[in-house]
Each structure stands twice: as structure tokens, then as C-alpha cells.
Amino acid sequence: MQASTPETAAAPSPYAKLAALGLDLPAPPSPIANFVTFVESRQLLFLSGQGPLDARGVLQTGKVGGEVSIEAAYGHARLTGLNLLGVMHAALGDLSRVTRIVKLLGFVNAVPDFGDHPRVINGCSDLFMEVFGPIGAHARSAIGVGSLPGNISVEIEAVIEIAA
Amino acid sequence: MQASTPETAAAPSPYAKLAALGLDLPAPPSPIANFVTFVESRQLLFLSGQGPLDARGVLQTGKVGGEVSIEAAYGHARLTGLNLLGVMHAALGDLSRVTRIVKLLGFVNAVPDFGDHPRVINGCSDLFMEVFGPIGAHARSAIGVGSLPGNISVEIEAVIEIAA
Amino acid sequence: MQASTPETAAAPSPYAKLAALGLDLPAPPSPIANFVTFVESRQLLFLSGQGPLDARGVLQTGKVGGEVSIEAAYGHARLTGLNLLGVMHAALGDLSRVTRIVKLLGFVNAVPDFGDHPRVINGCSDLFMEVFGPIGAHARSAIGVGSLPGNISVEIEAVIEIAA
């Protein structure tokens, strides 16, 4: 007989962590064109790029390093991460089925001389670490793009590993 | 004994759908540098980025939102999709081996204030839906890039699931 | 009884090839934000985007097609490839565990009218072919981005297949 460790016994679910952060899981955004928000294949979940859709249904816009500050863009990336969590929940039924955040690709709608993309995309990465703990640690690239749909400030896509 | 349903019996092959659309499958483009057009791994087919190479062997070029209209760029994305189908056919021998279009990443060579990337990349997505039906529904990101090889207007890469 | 062919018997390891090229494998770069440099999932190794960090610990910067020439940028892409090899070695313990370079996504920090991205990213592709031989042949996309972290000239991410 093996007693569960206190850490294991106490490990809060992703939902408990979201609640502790004061975050409501949003309904998954509808695709804005002819695609779907996720596809599961080979126990990997591929998530379409999401943007900073807020609780009022408004997408945050603007050029980062121009009219959007790094601090604001960090918040937009966190909001984008929350929308990705909404899609994961819709896809999996239970966020506890996530076994690893594998890879993020973060697009920052930045002015040409911007260089702080990592600090921006940390808004999403920090959220995933807070919600998933060690399995939230992911590979990542962060780049500056010339433009994004509807002039949103940030777009992030993800690959997630799920239990077989 | 189970009779096949009329729908199943009548389901046209991807080739029949291409013919019905009046589209000829192009020969797979040659890589323009030191890489290959596809790699199969773990029953996933990773396709290199393709561009809008037309039947005359000419690549469509220009900045979308500048000298290239949304409507023209939609056509370029459809052409890019046709080239991706040419690569899939070369890779698999039979497009019927495709079990799912998993993920597209669409790059639009756009002016900085462009915002209609989803409408452009729909040119490829619509084609895949027409040719593959429900298994053509895919995850997707569409972004605006600052420049593309040879100033092509659109570049799209893809991940495809194939039968084990 | 089958004798091994001279080619097979003589096949040098990736390390021998690096030595023959006069290249030292760098220590894996530390992530510059809240992410990890690699995640292994489903026998695929996903590598975070790396940049042209040289042996002195200096990242190469600048706009390609502007103050950075194609030839210099090719060198930066080769340097980026060397850093990716450093990460692979750290991840796998032995580069011989690589069974295929599956996919590269190369970002060139280019001026808007730049069009020679493939020649730039060849710096990485050529190195992988030299080090891994036929299993180094990979799918690839090369795009021009509007900006990169710290104004680095090139960033490349990769998906690698490893032995089960």
C-alpha cells in the first residue's frame, strides 16, 4: 500500500488554479474563417492561432512598441492564453487530460524596431505555468510579424500532448 | 453483413473532386533550396511551405493589400493549396491515404495595415474542404509577414495525418 | 552472412562530422524567457527557436538585406543551426539518437523588399545535411518577419524525430 504524498494529494486541478487566479474560462471563440479551432491527431492536439479576445467579446488591437506598450501586450498574451485554455477545455472536456504543453508559436504585431517579443509572449507562458505547473513548461518561438488579422496585437498557436 | 450506405458507395475520390472542380494536379514543385518538399514521421506528413505557382510555372508575386487585391490573393492561396495537393500526391501515391488535414500555417506577404488574412488563406482552406470533405477541416493560423521568398504573395505549410 | 559495406562501416558519427568541419558544439543557450529549449513528445523533439549566438556569447543582429548581407546572414543561420545542435545534444545525450530532421521553420529579420530567404536559411540546412547525411534532409519554410527578439538577424525552430 502506497500513501499518496501530500503534494500529490493536494495538487489542485487546472480549474482550481484558474479559480484561484480569479479567471473565468471563456467559451471557445468561433473560427473567423473556414477552419476549426483544434484538431486532435496522434495524441497531439493542434490549436489554431487565437487572439486577445476579452470577456466583453472585444479583440485587443494595435502595434506593439507603437500604440500598445509591452505591459499591455503582456496582458493581451495572457488573454490569448486564456482563450487557448477555453479551446482546450472544449476539445478535451477536461483540462486534466493535458499531459504536456508541447510548443507555442507566438506572433507579436510589432513595429519594425521592436525587440521584446519574449517579454510579451510570457503573458501566455506564465499563465500556462500557473495553471498546469511543471507540465506547462513548453518549447516556444516568439516572432514579430508585419500584420495580423483585424490588427490584433498578439496571436498564439499551440501543440498540446494529451493522454492516450 | 452490412450494406454500404449510398453515401459511402458514392463518395467520390479526391481525384474525382479535383476533376469536378476542373483542376489539374500539378507536378510537385522542386525545392528552391537545400530541403525536401515533405517528410513523413509518426504517421504525420510535414509539408514544406509552398507558393502560388501557376500552370505556366510562374509564381504569383506582390504585396497583399497593396498591388495585390484580397480577391487575387484568395486565388493565390487556392493555387498554393493545389501545389500542396501535388506534393501530397507525390508523397503518398494516392490522396485517399490522407485521413485528416491537421494544420495549416498561412503566411500573407501583406502591407503593414492589412487585416484580412483569414479571407486570403480561405483560398487554400476552401479547396481542401472541397477536395477532402469533412476530413479536410483543419486547425489554422494566418499571419502577415514582412517579406517572402521572391516576393511571392502567399506561402502555406501543412501537417497532414495519414493512414498508419 | 552479409558483410557491412565500407560506407556503412565508415559512417562517421555526427560528432566526428562536426570535428571534421572544425565546429565545437556549444553549450545549450539558456531560454531568455519563461519557456524551455526543447520538449520531447510522441518520439518527436520540438526545439524552441534559436538565434545566431556565437562562441563569445554574442547574438548576431541586424536587418537582412539592409545592414546584414545575404552572405553574413547565411553564416548567422549556420550559427543558429549549431546552437540547435547544442540543444539536441543536451536533450538527447547523443546526437546519434536523431533518426530524422523533420521540419525547420526559419525566420529572417529582413527588410520589406527582401526575397532571398531560402539562401539565408540554407546556412542551417547545409550544416544539418553535412552533419547528419541523408537523415538530415528536412521539410522547411523560410519567411521574412518584421522583427525578432533583440533584433537578431535569424531565428530557426525545428521538429526532430528520435528513436523510439
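Letters A, B and C mark the chains as written, and numbering starts fresh at 1 in each.
Here is the rule we go by: a contact is a pair of C-beta atoms (placed from the backbone, for glycine too) under 8 Å apart; a residue touches a chain by one contact, two chains touch by 3 or more.
Every value quoted in this text rests on a predicted model; they were computed, and no experiment measured them.
S.K.: Is the contact between copies chain A and chain C built from the same residues on both sides or from different ones, judged by whether over half of the numbers are shared?
M.R.: different
S.K.: Rounded to a multiple of 5, how large is the rotation, in degrees, that superposes the C-alpha trace of chain A on chain B?
M.R.: So the angle, rounded to a multiple of 5, is 120 degrees.
S.K.: Centroid of chain A to centroid of chain C, CA atoms only: how many Å?
M.R.: 26
S.K.: Two or more other chains in contact with one residue: find those residues in chain C.
M.R.: 42, 105, 112, 145-146
S.K.: Along chain B, where are the residues that touch chain A in the complex?
M.R.: Against chain A, the touching part of chain B is residues 42-44, 100-105, 108, 110-119, 121-122, 125-126, 129, 137-146, 159, 161.
S.K.: Using the touch definition up top, name the residues of chain A that touch chain B in the complex.
M.R.: Interface residues on chain A, with respect to chain B: 31-39, 41-42, 46-49, 105, 107, 112, 145-151, 155, 157.
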